[in-house]
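Please find the structures below.
Heads up, the next two complexes both have chain A, just with different partners, chain B and then chain C.
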Partner chain A sequence: MNNGGKRRLRENGDRGDDDDDDMEEDGLEAWERTYADERSWEALQEDESGFLRPIDNKAVHHAQYRRRLQSLSATARIQKGLIRFLFVVVDLSKAAAEMDYRPSRMVMIAKQVEAFIREFFDQNPLSQIGLVTIKDGVAHSLTELGGSPESHIKALMGKLECSGDGSLQNALELVQGYLDQIPSYGHREVLILYSALSTCDPGDIMQTIQKCKKSKIRCSVIGLSAEMYICKHLCQETGGSYSIALDEAHLKDLILEHAPPPPAIAEFAVANLIKMGFPQRAAEGSISICSCHKEAKIGEGYICPRCKARVCELPTECRVCGLTLVSSPHLARSYHHLFPIAPFDEVPPSRQFEPHHRLQKTCFGCQQSLRNPSNKFSLYVECPKCKQPFCLDCDIYIHESLHNCPGCESFRPS
Partner chain B sequence: MKVQIEDVTVYFPYDNIYPEQYAYMVELKRALDAKGHCLLEMPTGTGKTIALLSLITSYTLSKPQSPVKLIYCTRTVHEMEKTLAELKLLHNYQVKNLGLAARILAIGLSSRKNLCINQRVLAAENRDSVDAACRKLTASWVRSKAAENSNVRTCEFFENYERAASGALLPPGVYTLQDLREFGKQNGWCPYFLSRHMVQFANVVVYNYQYLLDPKVAGIISKEMQKESVVVFDEAHNIDNVCIEALSVSVRRQTLDGASRNLTRMQQEIERFKATDASRLRAEYNRLVEGLALRGDLPASDSWLANPALPDDILKEAVPGNIRRAEHFLHVLHRLVHYLKGRLDTENVEKESPVSFVASVNSHAGIDQKTLKFCYDRLHSLMLTLEITDTDEFLHIQTICDFATLVGTYARGFSIIIEPFDERMPHIPDPVLQLSCHDASLAIKPVIDRFQSVVITSGTLSPIDLYPRLLNFHPVVSRSFTMSLTRDCICPMVLTRGSDQLPVSTKFDMRSDPGVARNYGKLLVEMVSVVPDGIVCFFVSYSYMDDIINHWNQHDILKEIMQHKLVFIETQDVVETTLALDNYRKACDCGRGAVFFSVARGKVAEGIDFDQHYGRLVIMFGVPFQYTLSKILLARLEYLRDTFQIKEGDFLTFDALRQAAQCVGRVIRSKADYGMMIFADKRYSRHDKRSKLPSWILSHLRDAHLNLSTDMALYIAREFLRKMAQPYDKTGGSGGRKTLLSQEDLEKMGDNILQGMVY
Partner chain C sequence: MASVPSKLYADDVSLLVALVDVNPFFWTTASFSFSQFLSHVFAFLNSLLLLNQLNQVVVIATGYSSCDYIYDSSAATSQSVVDARMPALYSNLLQNLGEFLARDEKLGKEESRGKIASSLLSGSLSKALCYIQRLFRSGPHHPQPRILCLHGSPDGPEQYVAVMNAIFSAQRSMVPIDSCFVGAHNSAFLQQASYITGGVYVKPQHLDGLFQYLVTVFATDLHSRSFLQLPRPAGVDFRASCFCHKMTIDMGYICSVCLSIFCKHRKKCSTCGSVFGQAQSDDSTTSDRKRKAAET
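Up next is the complex of A and B:
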């Protein structure tokens, strides 16, 4: 687990084995850390009896989560782009070497991008990603658009060093060049992870932004330190989102927000038929020449239904005949974006004392008690359809992973 | 929305109102009810102007039997246009709700330069030459000549306006300067003279401070305003300085040389007139014998000079006999100029009171006090008689007469200071004779006495109890309002130590210390790497800025800064500075980032906004005290101590801190904005300094931020910027403090809002 996760865990309670934890965390003694990085005393508050307790951030975090959910659900019923072509631009200018994230921004970003790429392909099996880095004022294409998470991750991890200034314009020009060739059913997106606070451009960046807007590229930026006007402008113009990370955990949330497909841009919302192949898995033990690695392999592969070439992974595009190859579970997984479950309603404290509610003391999902140790009801939610109560953890789990409401599923009309 | 404040229904053009706007209106209304003056401090960006306009216009509407006229004074033309635009919005709303009964006439009044529509006149480059060019076409004698000789040029717009005579009226409505010009073009009437004429009938007049405070102008423009007027001075934190400047004159050698030239030319003119038209001179003589009651019956186009002294101080008597004849008057002026030249040749700094100066003029040049006093009016009359139209050529002699009249009129509150050279550059002789006014209350007194309510308002009026003392009046209401914020969007910090933990200050004994300059440099280098887009730095003076930039340049600090952001510097040249500002904005827009070096008390510190990304951080290097060895300042301090019992230290600190507050206030212009302010001087941590900052800054200045070193400030800045970049709820949410009230909220909350908004 990463540092941020650990820190979050501590904020949320159980500070039991705090001390040994800290030691191994950074490999630093407590006195070696500057007060600036870990203001641990700020995470404390006094309770009624004067004891020091960690601040209960759960409600706050949950409120944030809910706000996000609400804003997402507002767009729930609109068409979404399921076939996305996304360029992830990683800023490797010298600002990425800064140590305000441990061990450095660059390493931490790489880690998050890795998680993002996996999550992205999990949610959008039909989409493709490409990687671009910014360094020394120029932009390099690290990997071309492709559907294999492993190759992207390997390429990124191999290239982690930073220097020079960042140039937003160069990166946009490069990406725009690539994305312009994408067929019209694909959604063109750029996600920029920007460490630097300035951009040294060779020309007028405003023109480049207009160019991106014209080619319908949705540009989103995640900043690592502070809000920059030009990034905000870029996102506003192209319909992307702009956010600033507070800490590592927050950055993770922000990046993962880009994993579910965004609403389709109106001009693109024409229905299109796309030719796809559903390859069969090659028989165990059969030996064939793999079209992606150009070498003979045994078993573990898929056969293109049109040209019978062998590919190692799905989804991908057949190297021989260019057919899009997917498996049916991939399609099914993309489906839930179109029909999400409605956000649950928060139960106001006043209603918790109604007799009807007093009966149900447990969460319908995990069967845990909804009362906290002091025997008061903590915050909980209920499904607007089946009216079953759920705890906050189950709420998040149902909406983010399960995509089904257990209450509604178990409810059978008699 | 409609807001009920006691017995007045206020029509407010927006659907929501800030609680502080409501509180502001309540206080203002009480001041109007009491027919007294008031001082109101409310941070910029909270909609002061619209609150003011809404309340006063609605107040008039609700009391039709005693209509109040609103005279709104702004500092710049830009602010004037903004005010009128807001008023237009409000007016449309009121007319929509109340029908035609709510119609008012509101006009802006400005100089010919801003209002003229005659292309030939506008070709002149500065204000004085536009005025002169206009006079060349519109003076009564030019026009009478034109009537005989069709080759003499006149201004067709003015002719049309004159022909329309009393029919030339503006229909009710709100007119910005732009609208006035349009209207003038459409009807072929001169917008300048039309607006001058309409001032008497308008319900709302928006113009510059000078039109009310400077007696030279006020005598012409503002004398017909009725007593039942509400006078508003907006952005009035520097009002005492404006008052003082209106009554101060400085004379340099160039002025005197120019005056001599003017006199020679006038001499020639007199000779010419004697030869051709001696009767004019005789007529003037007769008029002067009868007294100075001449101004009333002059045509509007000819009145362009009024006495620099205040109306009450001008005696209604005849011009003394020794200057009634034109050539005698010229002799007197010759002697005066000669005497002043002699005084300027001094080697030492001299300071004198007006009384002894007048005595010395009398004994050396043989001009007595009464003669001096009449110089200005006599000159005015003479120039009219001589039919001089190129008035911009005669500024020098006007300055001299201005000086003479003020010296002759006032015995107290002034002093005459002669400096043979600038203190800072003792090797370059640059003699200057200054008549400096010390008493701000002199110029504002007629305004305070004459009008029913005078409202002085600004974003920074702290400490609010000092202004009544400086201006010598008794406000019925003086209040300071907070800003209700949904989040803590300003982050003031006091930085007392550099990265090496040594104190930083621009105190006189520390300022030349290279360690301080280095620490300041380090601070900026660190800040440019964490703050995005624009940073503004204010220095205490041009000379200090030059020194420190030199130091930074030698030690490569400047180079380090340039790696992150471009550097722009304010200079004394207006054009250069404007260009620098333009490029600064461009650099902020395109993401390159930029730093602007500026000077407290400079043009930029007073008038330019660095809102949104143009100013995420402002650093005030040092405490911007005035140059304490200046003779004028010393004389003023002495006067303040003797007359108003204001201690020197108190006044200096007050003045320095209001400048500092003005500088840092540049970055936050609205509630949606955010910005940091660093006061980089150890003296700011002292209570006597800090407590004089405006309360809206103080309330955000946490104790933990009072004694920071560079690295701590850096950490706070990082956190603040991250926090501010997060999305937030603009209305302040359902629970807790509400910052945007709808009509329902207002009715529900009643008077509870008031508590908490007022300090």
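Up next is the complex of A and C:
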């Protein structure tokens, strides 16, 4: 049966090499391929009496999340930099063509940067991103600082070729030139995704690092190969973070860690009153020439309150008068950074015999039962303020996405 | 962030989470009686369950001092009570609603003078979203969830941040928030919720025909909405109100540290206490950048 299958495949191989590659993976039979990716025997561990049992992913996942939350809650009451101007520097040197990340480092970095850009604008609607690439020892600006995610993603996916050496100094000089022009209330940041193991610089990189430090730019590096002294020094001097990715999932976590606003250093950005406009929607059916595309459009736009020019989307800067235009939901997106909710307390099974806890049967948020199928108590959490019980999944959802405690919101404060 | 799972269920199965406003301070002054309202809503929920065998309905009551689940069509106990006079749905729901109202009244506090007090919309929205997340976790086969707010109480400004958080979370999970507003003046919160999440906002003009509005606008599943002409949002007001006078403003000043909105220029932020410096150079820097962009 198997031999017949292989022969048939080889005949169809003339149709295209792609088919051939998909069908045969290093000469594996079809039944072997199902085990090639999932090694289900690795998801087992021994318990106390030596029997095998599957790894409890949910508890591990929750424990990881709790550790992350503890480290974050230490910064809960620290001022965050909400208006950020971030440059993402992508290394497109020869080292980015390595295949240790599938299909290649460059493609995977592009995919993760796309997800990062979307998440960044979701969490920081008033901030702007710019993209810079390093190729052949020279740094090019791919896109200017702007607030629209689509234009950045399109530019990034457009040109993905790598060659030559990487140059940290050229990238830093370029970024520093751009970041010097932004208003003083913005927080200046650079995120470098570096795959190379060396840097070819035209001058003294230490001086460039000092210049960046004086311009109050916070540089962070995520390395894909090995730790380099110069990256570590750069991050230490400017107050950024340096981390090395171990695999794809780890890289995704490391990049997304830079999406929420970092703790702000007060001297870095002067507090300022920024004049902003809140445009109304244009009336249905009104025809006007929009200032971004320079063509006539019907309805569906916003009118700048100062100069009455039409813009297509928010948030943006009016091209005619320079007023920053936002809508109140954009500001509201950042309010959860200012009013964070406290982490919930764990209630382990040992504490569940107390009279207060014995009556809690279902999660307050989703009505899921808090007991095991064998009717024994399992771990759940409770809010320190309203004392309502929540299951572990609701705990993660509430702290990562919802930012409201349903218990505190469902009772009127006296 | 919870990624949206692929919708492998049949297209037309829906889970409706209905948030019913039972604020006694609103219903005693409404022109429409609460029992009539309930009969329209129950008939609508029943017809939703009849449209497809796999449809599910969850009802959460939004009270003045508390919010709680009243009914879950997928729970085992909901089919147990059978009464000769009413279908199982009604009797179970009414019983739970009666118990909820009694509990809510016990927790009740003094009403604010002069205005009708608001109900806890943010609480029931948060609970609805937690339930929907549980639905997403149950595997690749699940109905398409949506939220319907049957609301009449005015907006409580103290709930603004919580309601906006819930709206953004719903937008990320791609859960539309529909609203049928039965109160006197339009609710800005619900209009924004429906606009941002892609839901429908309706303020029926003739409350006697409420059932007709509910069935023609809200009974269809999400997939079929692309084929229907549903009421479009007219004039959603996205202007902000200043923190100092609560007036709606077109142009204002934002503190760069805490994003508080002020209508007039001032030296110190009243929310975070930061002192503002170099306010004049702000405008000149922006116009410099504009000139630079125009030259290139």
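Please note the rule applied: the second predicted complex is superposed on the first by the 297 of 414 C-alpha atoms of A that agree within 3 Å, B and C clash if a C-alpha of one lies under 4 Å from a C-alpha of the other, contacts with A are read in each partner's own complex, and residues count from 1 in each chain.
Keep in mind that, in the parts below, a residue touches a chain if its C-beta (ideal position, glycine included) is under 8 Å from a C-beta of that chain, and two chains touch if they have at least 3 such contacts.
Since this is a predicted model, take the numbers as computed values, not measurements.
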| item | value |
| --- | --- |
| Fit-or-clash call for chain B and chain C when the two complexes are aligned on chain A | fit |
| Touched partner set for A:Ala245, first chain B, second chain C, both or neither | first |
| Touched partner set for A:Cys231, first chain B, second chain C, both or neither | first |
| Partner, of chain C and chain B, that touches more residues belonging to chain A | C |
| Which superposed partner A:Gly277 touches (first chain B, second chain C, both, neither) | second |
| Touched partner set for A:Pro183, first chain B, second chain C, both or neither | second |
| Gap in Å between nearest CA atoms once chain C and chain B share a frame through chain A | 23 |
| Interface residues, chain A side, partner chain B - complex | 36, 95, 100, 168, 197-201, 204-206, 223, 225-231, 233, 243-246 |
| Touching residues (chain side chain B, partner chain A) in the complex | 529-533, 564-565, 588-593, 612-613, 616, 711-712, 715, 718, 721-727 |
| Residues of chain C that touch chain A when the two form their complex | 1-2, 64-69, 72, 107, 109, 120, 122-124, 126-127, 129-131, 133-134, 137, 159-162, 164-169, 172-173, 192, 196, 234-240, 249-259, 261-262, 265-266, 269, 272, 274-279, 281-283, 285-290, 292 |
| Contacting residues of chain A [partner chain C, same complex] | 79, 82-83, 119, 122, 126, 181, 183-186, 264, 269-281, 284, 305-306, 317, 319, 322-324, 327-329, 331-336, 338-339, 363-368, 393-394, 397-398, 400-406, 409-412, 414 |
